[in-house]
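One structure, pasted below without further comment.
All chains are identified by letter, namely A, B, C, D and E, in their written order; residue positions are counted from 1 within each chain.
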Amino acid sequence: MLELTDIEAGYGRTRVLHGVTVPSGKVVAVLGHNGAGKSTLLRLAIGLIKPSKGRVLFDGEDITSLAPNRRVARGMAYVPQGQQSFGQLTTLENLQLVADGRREGRALVDAQLDRFPALAQFATRKAGLLSGGQRQQLAIARALITEPKLLILDEPTEGIQPTIVAEIEQTIMQLAAGGMHVLLVEQHIGFALQAAERYVVLASGHVTQTGEGGKAATSTVRAAMAI
Amino acid sequence: MTKKPWISLGGIGVFAVLLLAVAPLVLSDHWLNNLGKYCCWAIAAVGIGLAWGRGGMLVMGQGVFFALGAYSMAMHLTLESAGDRVPGFMVLYDPLAPLPAFWEPFRGAGFTLLAIVLLPVVVAGILGYALFKRRVKGAYFAILTQALAVALATLISSTIRETGGDTGLSDFKYFFGFVLNDPANKIMVFLIAAGLLVVCLLVVWQLYRSRFGELLVATRDAEERVRFLGYDPANVKLVAFVVSALMASIGGAMFVPIVGIITPAEIGAAASILMIAGVAFGGRASLFGPALGAMAVGWGQSSLGSTWPDGWTYILGLLFIVVILFLPNGLSSLPARFAAARRRPEQKAAPSAATPELEEVRS
Amino acid sequence: GARAGDEAAGSATSAAPSCVDTSGPTVKLGFLNSLTGGMAISEKTVSNVLHMAADEINAGGGILGKKIAYVQEDGATDWPTFAEKTEKLLTQDCVAAIFGGWTSSSRKAVKPVVEKHNGLFFYPVQYEGLESSPNIYYTGATTNQQIIPAMDFLASRGVKKLFLAGSDYVFPRTANAIIKLYAAKLGIEIVGEEYVPLDKDDWTSQVAKIVAAKPDFIFNTINGSSNVGFVKAYYDAGLTAATTPIISVSIAEEEAPAMGHEVTGHYASWNYFQSLKTETNPKFIESWKAYPNSSGVTSDPMEAAYISLYLYKALVEAAGSFDVDAVNAAAKKNTITFDAPEGKVTLDGDNHHISKPGHIGQINANNQFDIAWASDKFIEPDPYLEGYDWFPADIRKQLTDAAG
Amino acid sequence: MTDASLVVTDLRVEFSGFVAVGGVSFDAHPGEVRFLIGPNGAGKTTCIDAITGLTKGTGSARLGEKELLGRQVHKIVRLGVGRTFQTASVFDELTVLQNLDIAAGRHRPAISLLRARRGVDPAIERALEETGLAGELTTPAGILSHGQKQWLEIAMLLVQDAKVLLLDEPVAGMSQDERTATGELLQRIAAKRIVLVVEHDMDFMRRYATRVTVLHQGRVLSQGTVAEVQADPRVQEVYLGTADAMTEG
Amino acid sequence: MHVDALIAPLLNGSAQGALLLLAALGLSLTFGQMGVINMAHGEFLMLGAFAAYLVQQVITASDLSIPVALPVAFVVAGLFGLLLEVTIIQWMYRRPLDTLLVTVGVSLILQQAALQIFPSQGVPVEKPGWLDGQLTVLGYDWPLRQLFTILLATVCVAALSAWLKHTSFGRRIRATVHNRDLAETSGISTRTVDRLTFFTGSGLAGVAGVAASLIGGTNSQMGAQYIIPAFLVVAAGGIGQLKGTIIAAWAVGVALSYFAYWTTGSLAQVLAFILVIVFLQLRPQGLFTVRTRSLA
């Protein structure tokens, strides 16, 4: 589905990614230490930053220079790191915003409210006033409303209570099982490897290891991360 | 910034020599006088650089403080010229009424000098305290200060007998006992203004390399965070604001004997914005940028405004656009840019100077 | 340098010798008008007509055989800039005389500078009087040539209740002070007085007060675009030229078109109108219409500016020199005249003003003025109102004292 | 002084009618790593907000003899209460050293602000060692990674010499090794200070918590040692889920 | 005191407030919603007024020309706004305070260009005949033109709030302003949102310009007198709060009018400014505020 080839990218004059290649796969996990460049890679995948070198292919099509909102229109969705939502809008508006203009928009919103009861409870509260975990659930719900082909998740369980972490993990597995592709950054290596079809380890912006999900041992992955 | 403070100090030295020794020798009376005028704006600009460039407070109403100094000085000089009589323009409206009470103390030279220093400190102190404690910042702060300048200019325009109104105060004969028409005295006045500019540069030089300078930048970038380190950001900003007001007042005070006239137009919205233009042009956060930028804008107005008045307005407009758009840190950031471009790209560069986001306003 | 009290002792403080150089085939003159900023609205025309006059004089052989080479400067609607540019014109460009200015503030900014450098400044706009300077020539009306005729006109119409509306600056305030003094003498009651800042157009609140005061006439000393707002608010409130006419001292042929039909029927007091039937006027109008960038209509301030350059020519030729002191000496003979579009004006060598005819015009649908009243003869300039017994002598004395 | 405890009694916070914290009491003592856990929206962050003066609360929060509630933010900090935020916030434009220097500043006399910094404060050097940021001394904080920023924040609290450290999800987003490093760091610094940690990482909690308070819907649900809390069926129901279903490598 | 002295300033002030509101309405979009501090807003207003004049050159019957001029002015000013957005503002969304300075430059250029293109004294815009006359309210003859200003403001406010509330657009604007990247990655075309918002905000300035041209002079300087009061009104109302802007504009207009009645025109200006400044000191976030927990 999504393929990144030989990517060089960074911020201003700071190079963060050096020749990174991420293969296509149903669920692809990106692992690495703090600052390895995982988020940068995902930001690049959704189009928030442009690579100085390399190509991004989606569904076999070159989308390297496509704006993020067009990528979303083609079936990508993105949950950024750090529980981001539109603080000035209510929870419900956050969802409607994405549902607007879609057929069955209302049903899509309701489906997500069912999935995350906390959101239904605070539907009319400004998202900026929600707790961190509630905001994170909102971010995931917002992404799911678009019924994406590819879901990009940047540490989706960060700051989430364990019961819901389990739910989210289940949800990810379900979605993947249902045919959705997932590009996942996750610190819970155990879960990541269990869910992933393939994984990529980043260290200081270089790919130090790639492999098939289920088979890899966490210890070898850890070792690759530390390089 | 703080890496090579001594180079900056050397720069100030060179600047001082150029201004205080070379300029009086090579420039004609007219251009020396103009240079004196630019120095006055530059003094105010140095203050703006401190408040805006380092402190993130876009002070759009420095005209208010410029006015405090300028009118204090102008009232003193008017009274000095008028001697025992009531100034001529007042006679026109009410020939029999005495001098307005608030003029009386300005007969004294000591009081006047004190007023030039204390008035802006007190006014900026009260205003800043009120605004910063209430966490007024960003665009709100800019617009409020601008409105203050407009209000003051309107007030002065409409109080003709008390302040000279739109016509302003002019026709000064003496400057603390010195005859203003005497070329030697004119040079003296210039040297005072230029000297004060150098002093102001030294003051901000020390402030920028001090811990206070770092704290100010920290407050600019994350005011709330500073609070959680045990500082009251209002106080930090207040200090920068008051110092910058003081500088504007000093600039205004010297403007009067050099230019020979002060009117509300020099303190209203347009004038206040022009001061900012210089600062933006030169580089808001740098040491020399604001002063040199203000002088350059002043010079542009004098020379280009003469040869090509219509064009000058367009140039000034384009200057705003191009500099802010492409060089948010002003011309003084150009050398660093070239240097950075030559460096190896792998090196980490600091994220571009963050200007305070409007978001702050909402928190 | 010199201290207070020293100046009598030596000439160290007086101006450096003039740097004017007229040895060549040209004479340099300076034109100083606001070409940018708020006052450019009015002053551009004056600048333009000065250029026309200079071209005409050059075509006619110049002054004392020397062609005029002019330096145009922009005052930028900023009074300190007027001061700076005056100094530049006098000391850098070394011009023999400067022409321009519009607002009283600009004149007051220029005055100390021309006096310091012993230069010459020709000021072309009607003003509040009560001033004279050896270095300034005033070719616009002083109070007794515009305000007082207007008041005489009102008295002749039997006006009993007058309302004063003005912009908030020195000319309207002073003019109204004089109007109030004269009105008392004429038995006209002032039923109200309102001022609005120069840069504000909205007069609705003030007009409501006018409606309530029910005056017979309104004396309008508003300047610039604020006039448009005034006339519109006036018209909106249901006031008309038939019931409550306005007499203005700043609305001329240039300004009237911007106000639309609402200004029709109102009066203005000027010395010159485009509609004046004098011998020289048709040629003046024609030359102006043909001049590049002209506004197509002539008006009092531009005519006064036109006069100023010719007056200078007459002065220099009478003196036989461009020297300021020689020019002033020639003026003193009181024989300098010019066949101006408004008629033959004579220079008063003592107060540096010129005689002028008084006219009241009524605005017609073409934004031209129908002459409604004319003074029976040319009015001699009297800036200090010495010939008017209702003007308090103590004020006059204080003023002359204050002027030093 | 060092043995002053943080005692929170009947803390309440309301937001226009909504009770976010409804009468929470707990205490924390020097030498322990105290954990505050609970479902999303339970009111953990709000508790910290109230203690640090960011939001208004009623009830009482005392540090030793001193009541904290009702004071201004910076005054509370000066009493020795420091905190981090759920999303790291450091001064992006300043270097690591400058960040720390500012944090250290509250112990200096005001006038010293006007002098330039010379050399590196020993306290800062120690904090840099502790947090492993020594190599980043001159790096602008804006380009540190997420985790490094969090360490920098902790380092800032250390040089600030805070007696109470309130840490809101300090290891969120950190990799396993980094979590371990952070946990050990917390244990070290807790020796002489009060450390209160809000976390959702149960594994992390198990390894480093001495005592735990569980909040639920603005109230204390359970309190005790890790084992006690984990065994509490109510905690399992609302928060932990079927206790050790956590798959953690 | 005569009843006029109480009623007249109230009615006049309401009309003054309505004009102020029209001038501020566009700002409440571009400044309030988008965070752009457009100092050229006054000049967009001027463009609207000149557009009205040009329409009158084509349609000479002023009864008809003003109704036609309103949409034309909207589009003309809107297009200029769009041009500004595309050429300059779009690079500056992350530096809101800098937009202030850039647009000061734009305003200088537009003013000078207007001075050179149009007769320097300004041009007349004729009021439609159907606005001649007064309506007697409690003994005060209230000019119909003032009523028109109020109606126009009401229509614009209603249209704008309907647009923001009942279409998804309002949500999108707010989302875009709050977090550009997040909006973009949520599938919102932030560029379209920006352009459309800026077009509308500037267009509203054009409509205000038509109203202003019926009240004062139409010349190069006309925009300058509205800009600061308009910003103050938006700030006092609370950023992004339409109802706040409405109340603030009305209050300032009425206060101005009463002050002008009791004191002088100049002093009224000063007092009104001071009033707003003091108010903002007391309520720095304006009449209506939105709180979030973010530290930023």
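Quick note on the criterion: a residue touches a chain if its C-beta (ideal position, glycine included) is under 8 Å from a C-beta of that chain, and two chains touch if they have at least 3 such contacts.
Keep in mind it's a predicted model, so treat the numbers as computed, not measured.
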When each step joins two chains that touch, the fewest steps from subunit A to subunit E total 1
Counting one step per pair of touching chains, how few steps separate subunit C from subunit D? 2
With respect to inter-chain C-beta contacts, which pair, A-D or B-C, contains the greater number? B-C
Taking CA centroids for every chain, report which one is farthest away from subunit D. C
Report the inter-chain centroid distance for subunit C and subunit E in whole angstrom, where each centroid is the mean of the CA atoms. 37
Approximately how many whole Å separate the CA-defined centres of subunit B and subunit D? 44
Using mean CA coordinates as chain centres, what's the gap between subunit A and subunit B in Å? 50
Averaging over Cα atoms per chain, report the distance between subunit B and subunit E in Å. 31
At least two partner chains per residue is the criterion; list those residues in subunit D. 87, 89, 143
For subunit E, give me the residues that contact two or more of the other chains. 112, 264, 266, 269, 290, 292-295
Can you pull out the residues of subunit C that are in contact with at least two other chains? 36, 168, 195, 197
In their shared complex, subunit B is touched by residues of subunit E numbered 31, 35, 37, 88, 91-92, 94-98, 100-102, 104-109, 111-112, 116, 228, 231-232, 235, 239, 264, 266-267, 269-270, 273-274, 276-277, 280-282, 284-285, 290, 292, 294-296
Across the complex, what residues on subunit D touch subunit B? 52, 72-74, 77-78, 82-83, 89-94, 98-99, 101-103, 105-106, 108, 112-117, 139-140, 142-143, 156, 160
Listed in rising order, subunit A residues that touch subunit D in their complex are 11, 14, 32-36, 39, 81-83, 118, 122, 129-134, 136-137, 155, 158-166, 187-191, 193-194, 218, 222, 225-226
In their shared complex, subunit C is touched by residues of subunit E numbered 2, 4-5, 8-9, 12-13, 15-16, 19, 112, 115, 119-127, 131, 133-134, 140-141, 143-146, 212, 214-222, 224-225, 256-257, 260-261, 264-266, 268-269
Where on subunit C is subunit E touching in the complex? 36, 38, 40-42, 44-45, 168, 194-197, 199-202, 204-206, 208-209, 211-212, 225-229, 232-233, 235-238, 254-255, 257-262, 295
